[in-house]
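Below are structures written as structure tokens.
Common to both upcoming complexes is chain A, partnered first by chain B, then by chain C.
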Partner chain A sequence: MAVTIREIDGDELEVLLAKGEGNILADFYSKTCGPCKMLSFVLKDIAKGIDDVEIVLLDYDMNKEALEKHNVTGYPTIIFFKNGQEIERMKGLQQKPVILRMISA
Partner chain B sequence: MTVKTKQFEHIITEQVRAEEAFLAEYKKGEYSFDQPYVKLNPYLIAPLTALVMFKTSVPVSVAIAVKGKESAGDLGFQFGPATEHMVPVYGLYGGYANQVELTLSSGEKTVLTIQTEEVPEKVKAPTKMETTAEYFQDHLMFVSPTSPALAAGYDYRGDVRWYGTLNFAFDIKRVKNGRLLLGTNRLVAPPYHTTGLFEMGIIGKIYKEYRLPSGYHHDQFEMEDGNLLILTQDLPRGTVEDMCVLVDRQTGAILKTWDYQKALPQDVGGSGSQDSHDWFHNNAVWYDKKTNSLTLSGRHQDAVINIDYETGSLNWVIGDPEGWPQELVDKYFFKPVGTGDFDWQYEQHACVVLPDGDIMCFDNGHWRSKVKEKYVPAKDNFSRGVRYRIDTDKMEIEQIWQYGKERGAEFFSTYICNVEYYGEGHYLVHSGGIGTYKGETCNKPPVQFRGEEEKDVVFNSITVELKDDVVMYEMQLPANYYRAEKLKLYCPEDVLTLGKGELVGTLGVTEEFSTIPPVEDGGMVPAQYHVKFGIEEDRMILKATFEKGQLVMLLLEGAETHSYFVPTTKRPFLAMCVGTFQESDERAVEFPVSKEGLKGEFKVALIVDEYKYDTGITVQI
Partner chain C sequence: MEEYDVAIIGAGPAGMTAAIYAARANLQVLLLDKLAPGGQIVNTAEIQNYTGMGTIEGAELAIKMFEHTQELGITFDYGTITDIQSEGKVKKLICEEGHSYRAKAVIIATGTKPRMLGVPNETKFAGTSISWCAICDGPHYKNKKVIVVGGGNSAVEESIFLAGLAEEVTIVTMLDLTADPSACDKLRAMKNVKIYEYHDIIEFFGTEKFEGLRAKSSKTGEEITVKADGAFEYIGLQPTADAFKSLGILNDFGYIETDAFMATKAAGIYGAGDIISKHLRQVVTACSDGAIAAQSAAKYIEKTF
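Right after this comes the complex of A and B.
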């Protein structure tokens, strides 16, 4: 049981969402942000114990259109999508149990 | 590199030791009314106070007269009969051979000379003072700083007659026991959230610190039964300045909590300074017994709101309705009526409910619109004190008084400030956050200019009192001050009580971070991080310098390891209400860890990015 985390861009996120199926956890991060770095380790830890959520990373500074489309105004922001629809989002660094609760909704 | 550690006694502990020392000194000597024991600044933090002690063979009362530089400046008080006399001396001048006259009810008189040191540069001298001794009498105008300055009290001439040496923040309020409630100097989270409130006598003695798990900011209010409403937040949830708590006056325990996230949406109605972190920015609270409700000022929603005391549900909103959802506008907002001038308030402070139900506040006017395209530049803007009359049945509002609009940008403060109601037609309006940068009126708090920019900032603070629209008092000071409060130094209820003050309430358990990243051993922590470790009685403080965006964790390694995420990302604080806690180096990080929940011996380690460093420090808790 584990999933891999991969970096994608805004276009790829739209393709994934357009399929309208599955669970996606998108992390909008910045390379110059301590909480984002820490969140990446939290997500890696979570990834080891799940198999039904695709975890994707989007560089905040490289995906302006995606920020606008999904109304992301700061980093880190994580958005959980189910069947192509946003279910919940969280701003700022989150602890593992909080994210696990989010994706098990 | 060995990390510097330092133990810090709480000021309450320092004060009790100072008290024990001067009492011992007094007991050793033979002091009489003619030659009394005199202790200047007995509680270490109020240099313009003293304590005079002596014995008399029979009970007599004592009258004190602290002589002014002219007779109108004399301050006096009468103390009741006793044989053991402890006479607080208030209102001394700095750098001056003060004459203090003591007169016994038996008729004997003694004149003491008390020499004080010059006041420090951070006690600012007024640049303008216009009033009369007849009007101002023996009051002082107390001000609490938000730019580099000290809290101080000024008499009718503008002479400093009291100042405090601690970094007191935010509101200064006198409570029913005559003491002052004011923010502590112990930072919990940047830029200005402190551990709680001090309850302090004018002599500088701190009787209590009321501690809160997520700290204090801006304002407090004493209830009829003595319990305290204190503004706070829940720091771990990531938002600030959106909660109020009722605190038990004896124990400091939280009795009730109001969470404004349950009363208002967080993403509508934002002011020009709003962000998601500080979405409401509560800067004042007022309890109204008639309606059993709390009135709260939310700077970042351009709104004064009223919520039910019991349920916390929203009753009404005073504010420009533009941009708010129509269903909220229809239910909670007022419609302006009347034929007189009317302006909504924007980014306001210091809401006050008057005896007749009118609402006063300081309308900072920052941005003066809900719509970005209509924002008013500072040079064309104004700030004012304003009084609104509201009809909560018809949901109508009328502006019935204001002062300040006519003064334009000269009186404009983007932040802080207050109003006071003394009686009908008798008000204080304090515009304490004025500033210019390179000669232009500031459109952001002047304390936000940092580094090289600071030298081009000119601070100003204008405090005005009006009686029937006649200006009776105006003081200008060359710094920014959060609030102005007119108080007398001598107050019958403020009785000096010996013994150790109390730390009440709780700092709570600091939130730990459960994920620890993989790291390599980095040896001793490098000098470049300038790591220092402070140990207070109830918490520990990591101070260091990190680059923006570095991943930092503090580890306490003992029988079990406690790990804490240390934020290094600097938020662009849009409401730097108090700038006195800012470090000159923007990379500076200060991170406190409460001792609650910790027991045993711990080695202190740091993770910085991919390395774990030893600090060489071991703490015993």
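Right after this comes the complex of A and C.
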């Protein structure tokens, strides 16, 4: 049981969402942000124990259109999509159990 | 209910170092944090004064420290402690999340959190362009413009430090400068320093990157805009110690009072890191506290159980 975390861009996110199926956890991060790095560490830990959520990373500084489209105003921001629809979002570093609860919705 | 020799509350540098020392003393260790490993250093862009590390990102150092604890097999869990109760010699830790633990000794390393202004865009730039540690992040602003918010001792001392590096330092404070008069005189005499007293911060601004702040004079109502590359806030620290009030180990300012062995007035309870009453809050002093607290806890357990 494990999933691979991969970096995508805004266009790829839209393709994934347009399929309208599956669970996607999108992490909008910045390379210059400490809490983003720690969140990435937490997500890697989460990825080892799940198999039904695709975790994708989007560089905040490189995906302005995606920020506007999904109204992302700061980093880190994680958004959980189910069947192409946003279910929940959180801003800032989050603890592992909180993220696990979020993606089990 | 899970039982441990030592429960360490807070997984910042003090807590993680305490965990390492306690594990190496053959104790069963529980390391708890309410959020994630690292504590305040996660919000520090770069640390340049932790011996042997040269320059290292705060988050990277936090991850290295955490991995060190995991190499030793230390149990890490998430929990926000709301109370510590005594059950004979044993301590019972109550978590907000509903679970609880027992331990023979407890090390509290919950640290402090900076008071924040609560103005627009503060969170957006926190940890990148807004910092609470001039010693840590000041060198990024060599020959650049910075803002310091606050007028107390920390604000003035750090402004003097920053003025030695930056092209221009602008101090914006809600009252006047309340630091030691000699320090205030020194700051006022520096040529690259501007001071706006009696100004309330309205907001930080910047679309993609930080651009500055807007403030309003509480005397005239006039608004000012200060453009800069980054800002430092020094409006005070807040100990994270609400859960420990009933133990009678806090001083009037909410910090834990400890002796040279990091022992508190409560038997079997130790303090370490920024949460204790001390003069210098740095990663290196937090680690030192953690090591001492773990050794003291080990001796206490050996003697008491």
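As a convention for this text, the second predicted complex is superposed on the first by the 105 of 105 C-alpha atoms of A that agree within 3 Å, B and C clash if a C-alpha of one lies under 4 Å from a C-alpha of the other, contacts with A are read in each partner's own complex, and residues count from 1 in each chain.
Keep this in mind: a residue touches a chain if its C-beta (ideal position, glycine included) is under 8 Å from a C-beta of that chain, and two chains touch if they have at least 3 such contacts.
All values reported here derive from a predicted model rather than from experimental measurement.
Asker: Quick one: on chain A, after the overlay, do chain B and chain C clash, or do they fit? Just give me the call.
Answerer: clash
Asker: Which partner chains sit in contact with A:73 here, chain B, chain C, both or neither? Use first/second/both/neither.
Answerer: both
Asker: With both complexes superposed on chain A, which partner does A:35 reach: first (chain B), second (chain C), both or neither?
Answerer: both
Asker: Thinking of the overlay built on chain A, is A:84 touched by chain B (first), by chain C (second), by both, or by neither?
Answerer: neither
Asker: A:22 in the overlay: touching chain B, chain C, both, or neither? Say first, second, both or neither.
Answerer: Neither partner.
Asker: Among the options 81-89, 135-143, 189-197 or 387-395, identify the stretch of chain B whose C-alpha atoms clash with chain C after superposing on A.
Answerer: Here chain B runs into chain C along 189-197, and the other listed stretches stay clear.
Asker: Please identify the positions on chain A that touch both chain B and chain C, taking each partner from its own complex.
Answerer: 30, 32-35, 37-38, 41-42, 73-74, 91-93, 95-97
Asker: Sort out for me which residues of chain B touch chain A in the complex.
Answerer: Touch list, chain B to chain A: 238, 275-276, 513-515, 517-518, 548-553, 565, 567-569, 609.
Asker: Give the list of chain A residues in touch with chain C in this complex.
Answerer: For chain A paired with chain C, touching residues are 30, 32-39, 41-42, 61, 73-74, 91-97.
Asker: Touching residues of chain A toward chain B in the complex: what are they?
Answerer: Going by the criterion above, the answer is residues 30-35, 37-38, 41-42, 45, 73-74, 91-93, 95-97.
Asker: Per the contact definition, I'd like the list of chain C residues that touch chain A in the complex.
Answerer: Counting only chain C, the residues touching chain A are 33-38, 41-45, 57-60, 62-63, 66, 78, 97, 123-124, 127-128, 208.
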